[in-house]
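Chains: A, B, C, D, E and F, in written order; residue numbering restarts at 1 for each.
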């Protein structure tokens, strides 16, 4: 059984499994396998589940969907700890299946709901690359909406190229610009909406996403452009209710320029920034379109068990 | 004589002569040579000066310092058109020399005045590469101020690398970041001041500069960071008083990415944007530190002759 | 039975029955009559209720109170569909009575709660004509508060005349102005509060009301004047949680001016506009005084059954 | 001679002569006639000019162009009071002719300059009826710009109908709306620019215009729409430099509704409001396009003689 | 028994017992004693509890924690009124013990949660004196955070001296300033966070606290400084959901200056002001860190029983 | 002669002579005496004037009126340096007399102009004590305006007591409050205008005044209350055009509290703060009512000779 957990741990750590959703599902499936591993009784199995969960969580400390998935399953396990081993296995594996199914439906549901927000002749700006956003825009296109999309190139790793290719090959008119052109673009091209994904969403509606997102949100605010965040509820951060914040990751300078080309110059490469809730119009989640102020409510509803508040 | 004008025209057009100041001085020196070319009388010479001026102005239609220099010298010529040929030549060549000397002093004066605005322990952000800004920052360093500078890389042409090298080799602690990191940087690093140059300044205090400048100004405004523009008065645009605006230049897409790598995707490469006067704290000019609202005043004082209002 | 539904449908469609509340109650009473119409069994009756409900809803597609009432009653019917015909009729008709009673109490409750927000010497501005607002202001007057009211005339249909007459004949000092005078009025007369009704309230706290409301709200925001919306919870729009928006109705141009008096001129007559949640201080509902951000919460609490989220 | 002044006084008072420009020219022409009336010497004539001027000024106390014209001519008279009677007459009548010519050119110049600000595909909103604005828009149309215009009806006197007819018959696509529709219109129709006239402009850039103007300006500010005021410099108010303000005129209630239709209801009919300089993008004057902050500058330049500061 | 209530009443009224928490606990303990006072039956005891509760509430009409505690206990009593006397006493006294224990834990929990919000090198400003804030800052210091604190002196009663002494003697670097220095301080000293307590919190997130708090919050808003309110949930005001507001207390003028030193001058001494929810970043409560918009939610969750909504 | 300068230097340094105006006049009178001291020729006298001027300027380095007066007189001296000794003395002493007379008139002129800005029923707030403001308010009262005034006590030196006494004894209804009550006061008492003096005014319209002024200005801005600064042009700071800023003076901590009462606590006592030009409605100067943006204009007009720009 340990090999199973080790393998999942490695796959997540080495980014063989990546994307908030895939990571969460992989963790859930791994824990389901643990449920059927050899155990004397429920208590022993419970211990195994806990230690496996902790190990899995340590694979990617910053992705909030991973601890959310693990903690939720451990929570379910705890609630059923009074059952005999067989019943426990039956009940828990069923619940895990339900959880996985829910996550699989979430993206589809977000795309379906979010498509209502797209209107004919919209000029939409997106930043970086997000599966949720891509799916939402394609769904809107398939629903017959006719709009165009601007993608930033998203330095330093140019994930905007992926988005541009994805949307363009789906038939959506797509234009690429440098990250610095956002402000001009909003004015000259009369951008109607910004649609981006999220890495982590805080209880107060602030959210963490790819570096550059927060200044796009500020531009949108200034020009009264809707700023829409498409995200699964699995990215809500329960710990933020207790005042904890996640660290902003600084990556290798060589992603920007080989340091030996600028001797004596320091290079900083922050990967994410924080967008203030005031600059966000709505979140599109699998539980509907909600204002940033309602994140707190959704968080308590979905993750209240975890906080013991 | 025509060859002289042709050569200057070519040098400016092919960017052998570049930079707002050098272009203006080159045009002035060329017109001074025309002053001493063969002519029957003052009227004939005046005609030659006008046609030479028009030709020079057509070399780089967007650089406002060029028409400003030419128009000013033609204006001086017009004022002295009642003189005999010899006196006319004496008077005008002297005035041109004065004009050139003034321009040469302008940069030095701006650096000297601007240095007063830099304070110990300042964290300063700059964008793109500007001779005026580099000179100002070096002067402040030489005046004993101890501060650090953040440079954006400035996509698509990476002129931020030049700035980083320039300042770093002068001993100033310098850090490079991607253009998208500005908003995070201002918050996390507590940036105190932004200092940038200008390409063109309008009567209402708006200004044109490298793409990305306007969103940096917006971030600065949001966080109450001073936004300082260092610029010679030669970059003020008299025609803006009549409601004329300059075109924003769109450059070749291949500066961003080879278009064949993104088939079907449109690529837009605007080179400049417009920063709203509301977001500018002050302009540092050779005539002192002035608020954006005073640009109108300076414009009428320096270029009023041109507008016949 | 069909005749009963046909009659109610006609009465609503031709505006013989009008006002959000009266429409909702009329629909509820009609459905109650359907409950006692001839039916073989519960399932057949359920079908009749559904088709009757759909027909009623189509009478006035824009008034959100109508589908809310119908959908709520159908929801109750669904929950009791396991009962035998007699029990089903008993239970459902009782629930419908409860619903009607609740709606009748809602207006009274809003007036009672809202009266607390009115203070002596208040200068209050209202727009258009709303039963809820009239009742609230009269209640405050009857509670001994002494204040004065400004009414806009509310072009093109001059509903402000109705409000002026209503309040004035109740003894409240009332002044009429043109719609354009709002901004001046707020400044010169030191308006303390704006109180208006609502046609539809969205999940994010935005609300639809008579054309002109949103610019009054903007003026109030600018001058730090309280902007109070008095509305029954029946006007909350559950579908907005799914990202759907209601169409803004454009009415006949001749309400503004006979088109033949302005040949060649196009005339647009939008009947409603959307007021941003940021400009609303509080909603006064029968469930208390709530900030716009809490609409989402109330919506899920009251209409969660409808959304299956 | 007194009859001449009396007649001009009556024509202005009874609005036979109306419009800021026509009033100013009429006063100037009247004073020119006084210059050639019987007089013993320069001093006696000077006295006659002063008393005639005071009488003319009292005909319409609120129109700032009238005292500006009279005071300017009296100022010219004062400056030449050392001359003999014949020279005085020659010099002054010549100056008055110059003044009249300047005013006649002003409107044309404003239209010419303002036309530069109109761009193809612009959606332009205007309010009330202004000759200056009509001329500017027609000039832009004649210069080949293709745009459309929205006119408010402008309650209570419906001057918007005049504007709609004027522009529409010039071939400009024109749409009429009620005054309350401005906020919706800006959002839905993506208005690019507001262009209005002015009655009076203060030293600090604030301006008085038809009731409703200030809330349109506020809407424009909120949505980052350019707010352009087209006005002759003759409407600048020198006394505002001394802190004086002009009274807002309240007109007859019956312009809004016959008071006997609303017994017991007070009716207020303010005719003008004040638009804050912060909400004005630029003024288009015969001296160029200037930001509101430059009004002070222009005022001192043109009317400094009057203030003795 | 009446003596017990009288004594508690006096202790609260004369401020022998003071501080929101101590008052609430004192009232709870007193009611617990009443539970065991002589009574014929449950109904009689219930009456005694009610009258005792009313008396206690009248001791300090402005402190919201007092009526909250009393009303909560009476609510519990009401729920158990069906029990026999003995069971009633057992059940209710147990619930009161639970309530007291909860309140005692609340402060500790707030300090623990709030400590997460303090970061190394923070510059923190506080106003007046609050046990909750003192405890939070000391806990953060004990958790190893290294920061400095600025205290306002807090005229007229100088409670800032108490705070300065408390924190300084705990080893925290502390600086005292006059109340007027807040704006300068924020700019010059780069304040990172304001942390204050609250007297009362409204349903819409507005809060009442010591005079001067609201202008500090405004300064924080302007400069993008976090404004953190540390408060027990017992200070939420359920009545605000019904639109009621609490009176601002005006205290004796002699706290400011002996009136005979300023004959003829009126002296006003308001003790509290209201801080707008827009200026509050988060509340730190024993139920986690919540945005102001979530107060409504918490209020309904904790005090919903009281409102019968 | 040296004794005369020494005495004036001492009188200014020891604050025997105080107030911006009195200091400037004292310096002018002293220099006039130097004009008539023994000298061989104009050049020698010019040298004496320069050294006397420098000594006088060093007496109070922060009061901008002092160097302004001295530099202006030295400038006049320089302009007349070509004259013989007798003519030089005659011309210069006459100019100095003119300068003194101008300054004496300035206060009176400001009061006269500023009185126009006060309206019946105004509620006016002032801070600290300013002769210019006192004079302005008394003049308005004498002009028949009926208003009331609120004074802050102005910690730490309570100069608000002086203002309260001054205005109250002139018959003006006056109320005293603590500095912290400003925000509440503006809201509850509906303050219409703030009127304060200035210590120094910068080219960009920012101004230095007593600590606390800038947060009052911020409150005024938030609530759309006019913020009026009454100041002589002698307080404009020409050096600010070159980017120089004046140091904020930190005074003795014991003005706030005896440090031995708070052992271990640091005490900071800044005496002034800087009010941003954006928060200032107008300046009332002896040259009229001007917006902050016009300060640059006035500065160049009055002090351009000094800057050699």
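Please note the rule applied: contacts are C-beta pairs under 8 Å (C-beta built on N, C-alpha and C of every residue); 3 or more make two chains touch, one makes a residue touch a chain.
As the structure is a prediction and not an experimental result, all values here were calculated from the model.
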Stepping chain to touching chain, what's the minimum from subunit C to subunit D?
1
Could the interface between the copies subunit A and subunit B be described as same, meaning over half of its residue numbers are common to both, or is it different?
same
Contact-richer chain pair [C-F vs C-E]
C-E
Could you put a whole-Å number on the gap between the CA centroids of subunit B and subunit D?
38
What is the distance in Å between the mean C-alpha positions of subunit D and subunit E?
59
Give, as an integer number of Å, the spacing between the C-alpha centres of subunit F and subunit E.
44
Residue ranges of subunit F touching at least 2 other chains are 222, 293, 297
Pairwise touch list, complete, is A-B, A-C, A-D, A-E, B-D, B-E, B-F, C-D, C-E, C-F, D-F, E-F
Quick one: which bits of subunit F touch subunit D in the complex? Just the residue numbers, please.
113-117, 281-282, 284, 286-291, 293-294, 297
Using the touch definition from the top, list the residues of subunit E that touch subunit C in their complex.
203-205, 240-245, 277, 293, 296-297, 300, 307, 309
Sites on subunit B touched by subunit A in the complex:
152-156, 161, 164-165, 168-169, 173-185, 188, 210-212, 214-215, 218-219, 222, 248, 256-257, 261-262, 264-270, 273-274
Under the touch definition given earlier, write down the residues of subunit B that touch subunit E in their complex.
190, 222-224
